[in-house]
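In the part that follows, the structures are each spelled out as structure tokens.
Both of the next two complexes hold subunit A, though its partner changes from subunit B to subunit C.
Up next is the complex of A and B:
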């Protein structure tokens, strides 16, 4: 379980995030949604200890994020940000192998190689594993980074807008993969999403963030109400029944 | 959300996951209990079971050909380095080979060789590490104000104390003082700019460049006011030159160089991670700022040693690092570092040899390196189309 207690981050007197109290249960996919600048990514970054909170406490699986050693946390929680500096002369397999760093400090044994191979297979990157990162398309590179995070073998996986810059096909593929990460491997996936319909279809729970506050938290069915979504996104939203569940229409 | 039973039952898809796996594997993965405790993270009491392995591993090179190419390259570079070293020692030696006189002359020339080796190790290791932690392949540590500080120090000595003063303070004390001042300067800069609330590598680089420019202007101003004869002595000091080095610096320069370069080499695997950027480094459990500070500390020692030993050598590190990335064909620092050092030795040693024996102008090595280096660099860029 990820538990946030009165977490606050101050940017200026007008822009603050929190205080946020939130409990994300173990297992399944939880989507963070909300308008631009609501603080979804910041919240995720704070949970993933890449940014410190100004007040409050965060516990992941019982470990306090502020006091647990970063190298130990790296075995419990992994986080992938949106923009990643990519190194030239680095192949997909070498990138994925970095996921083992918290365990091996760069000295891979056969056991690690096995996990690397499986991560690569899981994201269907076998044919690309010897390609350099700068020879890949945006979607492939994104997949390689997510495979690295998977290879880190953590119970909690935090992803900041992994669908960014992906087309329809690749977005759907990515979400299907993440669904399998949660269902088959039993990981807890927390993901920042922009498209409410993706969140509604693939996530078990949706957490709506607005103006630095968590305003709604519940299952997709609970949140797919026109009034709720209209309030969260500041724009008129209608809900209709689609072939695969409810759809939010806001065009 | 799937129930826990499904999760427990499904280990076959991803045997890596610890649930339901034999305890023997728990050493490498986080233990699965719902209420974990830090002790379980590093449980050392269980030997690793031999896993199924599909026969391929993750190596620094993507194919055998690339690996072979790398070792051939190391061989060729080593041979070239040996040739230039032998050339420097033996070419144009007036005594007959094998006589006592020959060896006496060779011994004196060996000093130049040692200087070249120290400078190359310093510049190559420092530049590669610096470019990694700054995630930038265009800049070099030279622009962080090291060379401007060196020029400013030399100029102020001759400005305030005259040529006699410059000669009076020559010796290991001056070398130590130079190194301490330059390391202190850069640490103050890094410490100040990287530990504040708005810690930012880009700002640090910009401030470094601005400070370097400012120091350069002050030096130029003081140089204007020098007498022509003082200026002449000074300008000889300000060209990076192997003959500037004094063997009495060695007892200090060599240990510093070995210690700092060794430390960077040992940290290769961490540097590989740092190269992935701040967020990924943090995710993998390394403190990015700490790693950057430690690396910059060793970089500043290396740059200070090199600059205090022979003077400014702006382009050497840059050229060496750029060519080393092209040659090595891997991101792994354990392989890039040796290639960088060898490449640097071939460049500096070769330039020194050619200038000394063909143009009789051994003082002007840095001029040739900048000219040849610039052309080589452009050639690489134009051919490859990228850095």
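Up next is the complex of A and C:
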């Protein structure tokens, strides 16, 4: 379980995130949704200890994020941010292998190589594994990054807008992969999503963030009410029954 | 905190039925292969050439053996150590700044080393070589940290701005050094230091260069940490790396290498820039297996430049920094243009 108690982050006197109290249960996919600037990504970044909170406490699987050693946390929780470009020329396999760093400090044994191969297979990157990242398309590269995070073998996986810059087909593929990460591998996946319909279809729970506060938390059936979504997103939203479940219509 | 069961070698859910396949493919490239052997042979040939190049004929001359031992061997060893050190410093610096265009001479590190050297000479005119060296190392460290801090404060939009900022910083420090030298009547010394040259490398004066061999070993040991740091602070933190500590370690190693080389040899411009870029172009960025190549190429380029410098106006010599400067700036511009086209 991920548990936030009165977590606060102050940017200025006007812009504050929190205090947030939130409990994300173990297992399944939880989506953080909300309007731009609501603080979804910041919240995720704080949970993943890439940014410190100004007050409050965060526990992941009982470990306090602020006091647990970073190298130990790296075996419990992994986080992938939205923007990842670097100048280092790595192959897909070399990148994925860095997911093993918390365990190996770079010296891979046979066991690590097996896990790397499995992660690559899981994300269907076998044919690309020896290509350099700069030779891949955006969707392929995104898959490689997520494969790296999966290779880290943590119970909790935090992803900041993994669908960013992906087209329809690749977005659906990515969500199907993440669904399998939760269902088949038993990981707890927390993702920031922009599209409420993706969240509604693929996530088990939706956490709506607005103005730095958690305003709604529940299943998609609970949240897919016109009044609720209209309030969260500050824009008129209607809900209709689609062939695969409820759909939010906002245009 | 144990690993979740899912990615164990025999998982229940994942890739069922595929356990029979060989999964343990190698991720890391082999460090030693025949190509590296060939490279070593070529560099050895160059070094042998260096040993027997010079005005004095070491075979027939009356003092052939002594000349060989006093100047030729030290000079050649110095080429090896300085070439490898500067190439590696460039590589580590490029990883830590995530920028392909930095190296000790485009970030001001060399200028800071010169400032440290000058200050200690002004304060203690009779300072020993090791005192001068420590001053140069400390100044390089401070200077490089200033540069890194600046980069972290200001997130620069274009990667091309970074070396420009570094060169400007270096120019400012360089002018302060020149002013101090003018004011204290030591300008001539300064000129000699900054023009990197192996002419004055003699037995009894170059041995401190061996320190950089230790730096090389340290870089090799910490290779994976530097590579992970090269993926950025967030990914590095995610996999549990202490990012700031790695930055400090890297800066320290760069400072030691630059400081020592500046004191003994002088300024070797662009070496740390060209070598890692060329190696990366051909081999990608697996740091551990690249390091021997970076060292080799660094040694090779310095040796060739030194051979040219020694023979081009024989019996006189041109400083090696001049040759490197000419070749290096051309390659630098080439790299800039290439990155523009790819961007």
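Remarks
Assume the second predicted complex is superposed on the first by the 249 of 251 C-alpha atoms of A that agree within 3 Å, B and C clash if a C-alpha of one lies under 4 Å from a C-alpha of the other, contacts with A are read in each partner's own complex, and residues count from 1 in each chain.
Operating definition for what follows: a residue touches a chain if its C-beta (ideal position, glycine included) is under 8 Å from a C-beta of that chain, and two chains touch if they have at least 3 such contacts.
If you're wondering where the values come from, they're calculated on a predicted model, not measured in any experiment.
Model built by superposing both complexes on subunit A: subunit B and subunit C clash. Applying the stated contact rule after C-alpha superposition, one finds that A:207 touches neither subunit B nor subunit C. In the superposition on chain A, A:193 makes contact with neither subunit B nor subunit C. Legend: residue contacts after superposition of the two complexes on their common chain; A:97 is shown touching both subunit B and subunit C.
Comparing which residues of subunit A touch subunit B with which touch subunit C, the overlap comprises 48-50, 63, 69-76, 78-81, 84, 86-91, 93-94, 97-99, 101-103, 105-108, 110-111, 113-119, 122, 149, 152-155, 183-186.
Per the touch definition, subunit C reaches subunit A in the complex via residues 1, 3-7, 9, 11, 13-15, 18, 23-28, 94-95, 98-100, 159, 223-225, 227-228, 230-232, 234-235, 237-242, 280, 284-286, 288.
The residues of subunit A lying in touch with subunit C in their complex are 48-50, 63, 69-76, 78-81, 84, 86-91, 93-94, 97-99, 101-103, 105-108, 110-111, 113-119, 121-122, 132, 149-155, 183-187.
Touching subunit B in their complex are the following residues of subunit A: 25-28, 48-50, 61-63, 68-76, 78-81, 84-91, 93-99, 101-119, 122, 130, 148-149, 152-155, 182-186, 204.
Subunit B meets subunit A in the complex at residues 1-2, 4, 6-7, 10, 13-19, 25, 28-30, 32, 34-38, 41-42, 48, 50-54, 56-58, 60, 62-63, 135, 269-270, 272-273, 275-280, 282-287, 325, 328-332, 386-387.
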